[in-house]
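Next up is a structure, given as structure tokens.
Chains: A, B, C and D, in written order; residue numbering restarts at 1 for each.
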Amino acid sequence: MRKAISAEQAAAMVPDGASVMVGGFMGVGSPHRVLAALVARGARGLTVIGNDTSRAGHGIGVLIDAGCVARCIVSHIGLNPVTQQKLIAGEMEVELVPQGTLAERIRAGGAGLGGVLTPTGIGTVVQDGKQVVTIDGRDFLLEKPLRADVALLHCYEADYYANLTYRLTAQNFNPLMAMAADLVIAEPDEVVPIGVIPPDHVRTPGVLVTHLVKRPH
Amino acid sequence: MRKAISAEQAAAMVPDGASVMVGGFMGVGSPHRVLAALVARGARGLTVIGNDTSRAGHGIGVLIDAGCVARCIVSHIGLNPVTQQKLIAGEMEVELVPQGTLAERIRAGGAGLGGVLTPTGIGTVVQDGKQVVTIDGRDFLLEKPLRADVALLHCYEADYYANLTYRLTAQNFNPLMAMAADLVIAEPDEVVPIGVIPPDHVRTPGVLVTHLVKRPH
Amino acid sequence: MDAKELIARRVARELRDSTLVNLGIGLPTLVAHYVPEGMLVAFQSENGIIGFGSRPPDGMEDPNLTDAGGGFISALPGAYAFDSATSFALIRGGHLDMTVLGGLQVDARGHLANWLVPGKMVAGMGGAMDLVAGARRVVIAMQHAAKGTAKIVPELTLPPTAARPVSLVVTDLAVIEPTPEGLVLRERAPGVSVEQILALTTAPLILPDTVPEMTL
Amino acid sequence: MDAKELIARRVARELRDSTLVNLGIGLPTLVAHYVPEGMLVAFQSENGIIGFGSRPPDGMEDPNLTDAGGGFISALPGAYAFDSATSFALIRGGHLDMTVLGGLQVDARGHLANWLVPGKMVAGMGGAMDLVAGARRVVIAMQHAAKGTAKIVPELTLPPTAARPVSLVVTDLAVIEPTPEGLVLRERAPGVSVEQILALTTAPLILPDTVPEMTL
């Protein structure tokens, strides 16, 4: 059984300078209440790992707006002009990673694999400085696993053990990140009793979740 | 919409000498009706990829008993004395692969990855003849992806599009194999109308399934 | 018919029954409106769904169900929702029959650039590099030229999206197929002459004996 | 108390609250019966479930729900079912607090052999190599000797399961901890003397000043 914490308590567990995975795709499936609390506590120097920086004022975008982020590792910033401005002004570093490679690097980090061998990025700037491994005559990039100090997730349901479900396209990177961070904090839309989520419908087991944020009221 | 085929029709699609992935773990989650039909048609020279050879007279064991298998790639044969006898008598080849490596090799085959970098097997006979890749000072075995001509799956429900669900521990290798073969045949316990399985509960999408076997009566 | 509709209608003719197709953000999304009657095409959105439909009725929008651009969509009966690793396992693993992507440049060998204009626009590659590396067919849907400047060029001046050439380029003026011999001009848009196409193309084009008008 | 029960009870004392633990087929499975009162331990079975219970009532068995040996089990409220890639992502990724495995041999450096007796018994490694490579703690539960032949030996004569040493060895005679200095004899079974243990152990054992009896 868990005792749910507040979004403010969750934000207090994310130290300045930490590496933080944030679930979501254009803000869909992001833990909005914890992100707002991070802004409120004035977090600084974060390395944020996520699919994208959403748009200004939304999802990971609120962390960018508020100057919480020193560096981000994402696949896309095209819909957030603030990210682009801060990048060009040198106020923030941005490491761009192909989306499928980002997903596999996080999965590898969580699954204890040494890296990812992918054809994606061969012959592009993504290849720069990376080892190319030839397997049966075909070239693959060796991409390193990604882990973080903290993962901030959004989920649909959580039970009292913190077993989680996700909903439709709000799933995206959340279950991968649940495996790849030392501290895992999940923000549910709903909390249900143990046994309400059948074993075949759980997508992230409670054993991976460190803290559960209270449901919204 | 699909037209379901019989187990006999399914077995006729598996040519002698083919490589065949068979779902299941000690026969739990194996497509028993298709396996029986393969025995009935007298299949020969198959390379079978699966977790184990179950026990005599059960699961993949029925293929071994009937002499359908020339070679198998599995993690465990300890509970099937027939496999052990045929191996020792030189009637069948057995490639033993650590279970987690087997799962990742099949996943890599289905996901277009060049290989798997795993710490498992380092310092054991599993390492023999394989490339060791050192990443940030740690050694990993480079294990090759696995694909097959045919995957024979068991599932719990299928809808008319061949979207599949699995049940409890009968899931095991089935969803991984659905991604990693040219021809994918699924044997369901139940068939339900489209829309009965919610999008979040589908585990294998119909686009991956070539043929669906009729439900048992 | 405006240029975007023309491109989308022509790309839709590349669709085949019982296939899995990914449509990029923007113009490619329009292709879904022109699926031929009676044809079953499963559309994948790389943010995690196969089998999505258009925007739901007013007030029925679900913040947990959007396309890759963040716009509200619906789900069709028989849809499948999945995580990002599964999404790109489908893409990279060769399970995607076709992807339709926008383009900034295509060069004489069929190489695509569509994610970065150095010093000007940093979009990021999103899923594009995986899509071009992994989909069986890659169709580019784009305006033939940008304000009079050719986008089909001898050599890319922008960073490439992949080492692999694309399968087909559909523009408001032409259908062009990259081949090992070079770019072949396959079709003209209705009322457009070969000369008009050549005038807005700086890459060399191979001209077959006949270049028919597009059927839409 | 028979030897198996004694081993299982002693291993159960290694369990900690709110942890994820994998139990191998056979003797290790018995450990689940001796979880200390009030302690919440999640047991993983590598064939695809966290949170399983004992055999269901007669007639309630489900052919889709078994342990890794194929024996019928039940699922506890809050259980989680998953595929084999997820199973070993949990194991290899360091999410497993402890695994309990059987053993054929353990050597002076703590290396385990448990999957093959050349020319005699080819079991296959199953999940054992991943479990020893990936679990945070690896506890071996085995008979101290096989019909008078030592199983705790100077050097493995059987093929090793992993390059990594195990964390603890619990037998019907002793608790032994592999350390960088060698095997340390930590505990004796009730009524068993250090001399009896040494007589059935061919690997050198480091003897602390006191070797207390096991608490069960």
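FYI, a contact is a pair of C-beta atoms (placed from the backbone, for glycine too) under 8 Å apart; a residue touches a chain by one contact, two chains touch by 3 or more.
Chain-to-protein mapping (UniProt): A, B = Acetyl-CoA--acetoacetyl-CoA transferase subunit alpha; C, D = Succinyl-CoA--3-ketoacid-CoA transferase.
Being a predicted model, the structure only gives us computed values, none of them experimental.
Between the interfaces A-D and B-D, more contacting C-beta pairs are found at B-D. Note on chain placement: the centre of chain A and the centre of chain D lie 35 Å apart, centres being C-alpha means. The mean-CA centres of chain A and chain C are about 28 angstrom from one another, to the nearest whole unit.
Inter-chain centre distance (chain C to chain D, centres taken as mean C-alpha positions): 55 Å. For chain C, residues that reach two or more other chains under the stated contact definition are 49, 75, 81-82, 88, 91-92, 134. Within chain B, the positions touching two or more other chains are listed as 104, 107, 111-113, 118-119, 166-168, 171, 199-200. If each chain is drawn as a node and touching chains are joined, the picture fits none of the line, ring, star or complete shapes.
All chain pairs that touch, listed by label, are A-B, A-C, A-D, B-C, B-D. By the touch criterion stated above, chain D contacts chain A in their complex at residues 20, 42, 49-51, 75, 77-82, 88-95, 134. Touching chain B in their complex are the following residues of chain D: 45-49, 62-70, 75, 81-85, 87-88, 91-92, 121-130, 133-134, 159-164. Within the complex, the chain B residues that touch chain D are 25-29, 51-52, 54-55, 74-79, 84, 87-88, 94, 96, 98-104, 106-107, 118-126, 156, 166-176, 203.
Residues of chain A that touch chain B in their complex: 104, 108, 111-119, 133, 135-136, 138, 140, 142, 144, 165-168, 171, 199-201.
On the side of chain B, the complex with chain C involves touching residues 107, 109-113, 159-161, 163, 179, 194-195, 199-200, 202, 205-208.
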